[in-house]
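In what comes next, chain A is part of two complexes: it sits with chain B in the first one and with chain C in the second one.
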Partner chain A sequence: MRRVWMIFRRDLSSSIREFLLLYMMAAPIILAIIFKMFIPSANSAALQFAVDAETAKDMGIYKTISQYGSVEVYQDFQDLEKRVRGTDDIAGIIKAQNGSYQIVLEGNESHDTKVIPEMILRDYLSKEALAMTFSIRDLGYTQSPIARVGAASLILTTLILAGAVIGFNMIEEKEGKTLSALSVTPMRRWEFILGKSMIGILLPLVIVYVILWLLDMWYVDKAMVFAMTLISSGLTVMMGFLISVFSSNQISGIANMKILLLPLSASVIGALMLSPSQQVFVYWLPTYWSFLGFDGIIRNTMTWGQIGYYGLWILGLTFGMFLLLRNRIKKSFI
Partner chain B sequence: MFQRYGGLLTKDIVTAFRNYFFLIVLGVALLFVGLTNFLIPKELSIKPAVYYYVDYDGGLESVIDEAILQSQEKHSKIQRVEAIEDIAKNMESNFNSLGMVIKEENNQPHIQFILQGHENEKLRNTLILSMKDDLRSRMQQKIEIERIFLNKDIEVERIPFNLGMIPIFIVMESMLLGFFLIAALVFMEKDEGTIRAYLVSPGKIPEYLMAKITLMVLLGCISAITLVSLTLGTGVDYIGMLALVILGSIAAAIGGLILASFFQNISQASIWIIVIGIVLSLPFMSYYMPSFAPRFVKLIPTYSLLFTAREILFPTGSREIIYWTSLGLMIFNVIGYMAAVAAYRFSVKRD
Partner chain C sequence: MIKVKNLYHSYTNDRAYAVEDISFDIGKGEIFGFLGPSGAGKSTTQKILIGLLPLQKGDVSIAGMDIRKPTEEMFNLIGVSFEQPNLYKKLTGLENLEFYRKMFSVPTEDPMKLLKMVGLEQAAKKRAGGYSKGMMQRLVFARSMLNTPKMWFLDEPTSGLDPTTASNIKEIIWQKRKEGATIFLTTHNMHIADELCDRVAFIHDGRIELIDSPRNLKLQYGEKMVQVEHRMGETFKKEYLSILEEKDRQRLNHLINQGTIETMHSQEATLEEIFIKVTGRGLK
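On to the complex of A and B.
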């Protein structure tokens, strides 16, 4: 253990000297702050409408449209047309000279932007009341899915960032022939692996809580977060070793990192977009289980049994990959 | 100068070839082709599942039944439950869902929607509105509203979900690969002292950077041509697409160069490469939900690039975005290139 500690201390001091530790801490926090700014606009996302000044004078129609989306007022038809031709989807609503309402569209808008303005106008113009009533109640899950999914993805990003740093550190060691020198010392390979992985394991344990606090998710079960982060640090170590084992220099390192990011992002997309029966295609990705774990913790629906189950998948897959690559790791680090 | 540039470019191509850059770019493009053609479905509905319970047998029963039946034909995730409690139970296990209870109140039907709780006010109003509109169209004479289409000449077809992802691949892979890869080339040469050795020769920084940018453009074009030709075939504006990929790749490579100039090694830079990569992916949400376009998302360069790539591959007649984006990229490329040259001159002096 003394040797593991020595490697960790050596890495820590070089990381502090090269500002690496600072960057690793600052990067996820900056991302969390950017994401925090993004959440309110994503949560309040609604349709956009543009009306001309003449139409906006009629407070009845203006207020009605405002109930369904954000309304922008333009001086005349030319300005309104220019806005409708913009990149995003926005439906123009104008009052023609004969008093009827018209909807101005570019033509490439999504289905909702095309049909909902019609519904609004029909409802507004309809003189005959509908012989039925409507109401809405909710189950009280006020946590936005965007915030939840974003936070879980951000935690995964933190783990992956730490993995990338471990990987590039090791490539530098390979290039500097430090590894060959270490192989003639009494240090065992697992001691080296553990020592090099320590920063990647310990740092996310702190950062994850900062992220959750910044995103107003401090209600989560902290012990579960700790357990899931500790288990998921297997991902960090695996990411670092995959980058370094397959890369003889920094160029191939960055190319390999780029390739590794593909299945990692696929796991999040798979968990969100695929039906439960299709998700079997992403079971082989430890990041998939990690994402499910953090998502469940943030939802407050996670049980310790589930953490154990997801943890078995993550650790099993990580261990399996290490076993699969053990000869490659031996060759690569000697 | 051109001879030196040619020499540098050949050296960079050889380095990239030896480090499997061409193979990786081609492999990733073919992976996307496979995903687009065989795995990603043409239709993908992210509409919420609806669980409904009916306890109404009044005069409007047939109208309501018919409306639900027709919705079920269009949207397979509408499911009737036997008890009100089952709605909440199902909704708790499927967060992308809502409930509906139809019962009688004051001698008329009452429709109660049950939502998760995170849905905003405008969305709630829209939900009631669409139900009302559907039922009203069955009970009253439909009021016709005139629609004016600004792009009358082009018939806009709905883009299948799998093909709609190609602009994302083009922007995130073909154009932005230079942002990721160019830093690695620079740091390797920094470590080997190549830049210092090069600068004592008659060679200059501008041609040194230009050669690297050209390599990234070449890789970007290979990626884009592979991807588009094997998914969309021949009926695409290849000239427009390549022009955008060239301009976008230059911009991404310049961005990568400028970023790399701030750091001493690839470990430091890789953190910020990933962070910026994530920020650049934020406009995906707007791409899938075009009415969601906050100002700060519009300021992220990938926002315009995504919609421009879509307009080139699936034209809708809104050519303005292509001209504006191209102009913006050209201006950025000129200023960015000068900034990159200045940054490298400074960084060589500093080191």
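On to the complex of A and C.
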């Protein structure tokens, strides 16, 4: 394993020293930060509430608000105010000393964020007086679809770019003929392949969590995220090999990477736009299954059984592609 | 140390052999030169010996180990100095060596010591991409010594180096030979081969034409000549005279008796001249 680790460390050092690769590694995080700026308006479809501890003690109002959106509890008013002043839309609800409820707003919130808390409070506080009966239907979505799809797409982008980092490091080996030097050492073939793949496995494992944290999706099942990312790294490694096998230099590597972005787009568009019966046309894309997996995890609707099922598709398709290209890969590197 | 028997290799998997029926043995501690022009089959032979090309036909063993079944032990024994500067350009010279040494499972040399040996200690922390061609060549050479190889393959080790550095590299090669390393030297530089090798093999069109020591080859193929520079009035004249031919011997005696000789040197045939004589073409 020493050799595998050394190859990984070499690739990491080399990648950090090359602007293009450094950008590829950092791009998903930069995109997530930019995306976060747009999320407030996207998230306005889903309501968010910040309540103080006093309000939270009133289980009746707490449960009522929870039915309409996500609720965050703050111990003191300063923290609540800081949260309301954040970039996204969130309505603050506090209980005043006279027992009345007050809505705290920044002033630039969307119409729904301003009006709906009022309506909820009015309904709650006056429902006995009105003596009305009503039922609430919850569709189960606490995140806006745009935020959810954006996050899953960013994760897929991370996987593809990590694959490109593998690919470009391989191209460096090809261009510099450095593999000849390694081939006359006791290094084994599997150590080289695993060492080269490590950056594509470890990098997404870190970046995916950073993206989820940046996009306020830390509520997700972390173990499921880990499993899905690890499974999808098979696809990342495959991307890396595809880019390097068909590219003799960085320029052709960039061109091939652009081509590989097409199936990525197809899988996202296919999963979102096609009817379930038509989605069979994108079943052959491992990125499709990966997208479904991450989308499900972000929605909190994923089961371990589904992860296993999607994982089988991803690994099966990736392995199939490796088999198809094995001679080409051998000729290129070994 | 190395035994090659009836080695054949075809890139097209047919009877168009790049190397054909090559056989030789190299003893422990010997410097064996593989001489030939570009495209003669030198690199193909070396690539097979170090495992970069598959062994299609023939038998090759290094230290008694069949190269068809390469082991970790075998790769720990060999060192290869490539002609092309196959280095990681984004890593420093020191990082290149530090990375490479971790690939071996035997004790390795201190990279700084090796960089010092080849005169790169000042450039140790500079990226290899910023090295000159000669510096890269020296770094590749230093890298090949990391595992203290018992079987050392050198491909044009002094190519692109200035005379002082080339002389330093030759000193290192001699020193390593003294320490017991067996050296397979691939080159088309006959001066290097002449200076360093115990024996040389001439390879031409994929076949070995002859194998012998440079001294024996010169004795066998060289003509015994004398280069004489003598005064003729106000000018000097240079003449090449054979000491085997009666007419030239008489001319030499005449010049000696006249007392006009300024310089006189015995001349022997160069390896290149012998190569041309044997193969009918030059080494370039």
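Here is the rule we go by: the second predicted complex is superposed on the first by the 222 of 334 C-alpha atoms of A that agree within 3 Å, B and C clash if a C-alpha of one lies under 4 Å from a C-alpha of the other, contacts with A are read in each partner's own complex, and residues count from 1 in each chain.
The definition used in the following text is that a residue touches a chain if its C-beta (ideal position, glycine included) is under 8 Å from a C-beta of that chain, and two chains touch if they have at least 3 such contacts.
Every value quoted in this text rests on a predicted model; they were computed, and no experiment measured them.
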- Task: Classify the contacts of A:Thr157 with the two partner chains as first (chain B alone), second (chain C alone), both, or neither.
- Result: first
- Message: I'd like to know which partner A:Met6 touches here: chain B for first, chain C for second, both or neither.
- Response: second
- Message: Let me test your reading of the model: by the given contact rule, A:Gly253 touches which partner, first (chain B), second (chain C), both or neither?
- Response: first
- After superposition on the shared chain, which partner residues are touched by A:Leu31: those of chain B (first), chain C (second), both, or neither? first
- Message: Which partner chains sit in contact with A:Ala223 here, chain B, chain C, both or neither? Use first/second/both/neither.
- Response: neither
- With the two complexes superposed on chain A, say which partner A:Arg17 touches: chain B (first), chain C (second), both, or neither. second
- For A:Phe168, is the partner it touches chain B (first), chain C (second), both, or none of the two (neither)? first
- Message: In this superposition, which partner touches a larger number of chain A residues, chain B or chain C?
- Response: B
- Message: From the superposed pair, tell me which chain A residues show up as contacts to chain B and also as contacts to chain C.
- Response: 18, 172
- Note which residues of chain C are touching chain A in the complex, please. 50-52, 72, 75-76, 78, 80, 82, 84, 86-91, 95, 99-100, 102-105, 127, 140, 143, 147
- Note on the structure: Seen from chain A, its contact residues with chain C in the complex are 2-3, 6, 9-10, 13-14, 17-18, 172, 176-178, 180-187
- For chain A, which residues are in contact with chain B within the complex? 18-20, 23-24, 27, 30-31, 34, 37-38, 41-48, 67-69, 81, 84-85, 87-90, 96, 100-110, 112-114, 116-123, 125-126, 128, 130-145, 157, 160-161, 164-165, 168-169, 172, 175, 249-255, 257-259, 261-262, 273, 299
- Message: If we count contacts the way the header does, which residues on chain B are in touch with chain A in the complex?
- Response: 15-16, 19-21, 24, 27-28, 31, 44, 46, 60, 88, 91-92, 95-96, 105-106, 108-133, 135-136, 139-140, 142-143, 145-152, 154, 156, 177, 180-181, 183-185, 187-188, 191, 264-268, 270-275, 277-279, 282, 285-286, 289-294, 296-298, 303-304, 307, 316-318, 320-321
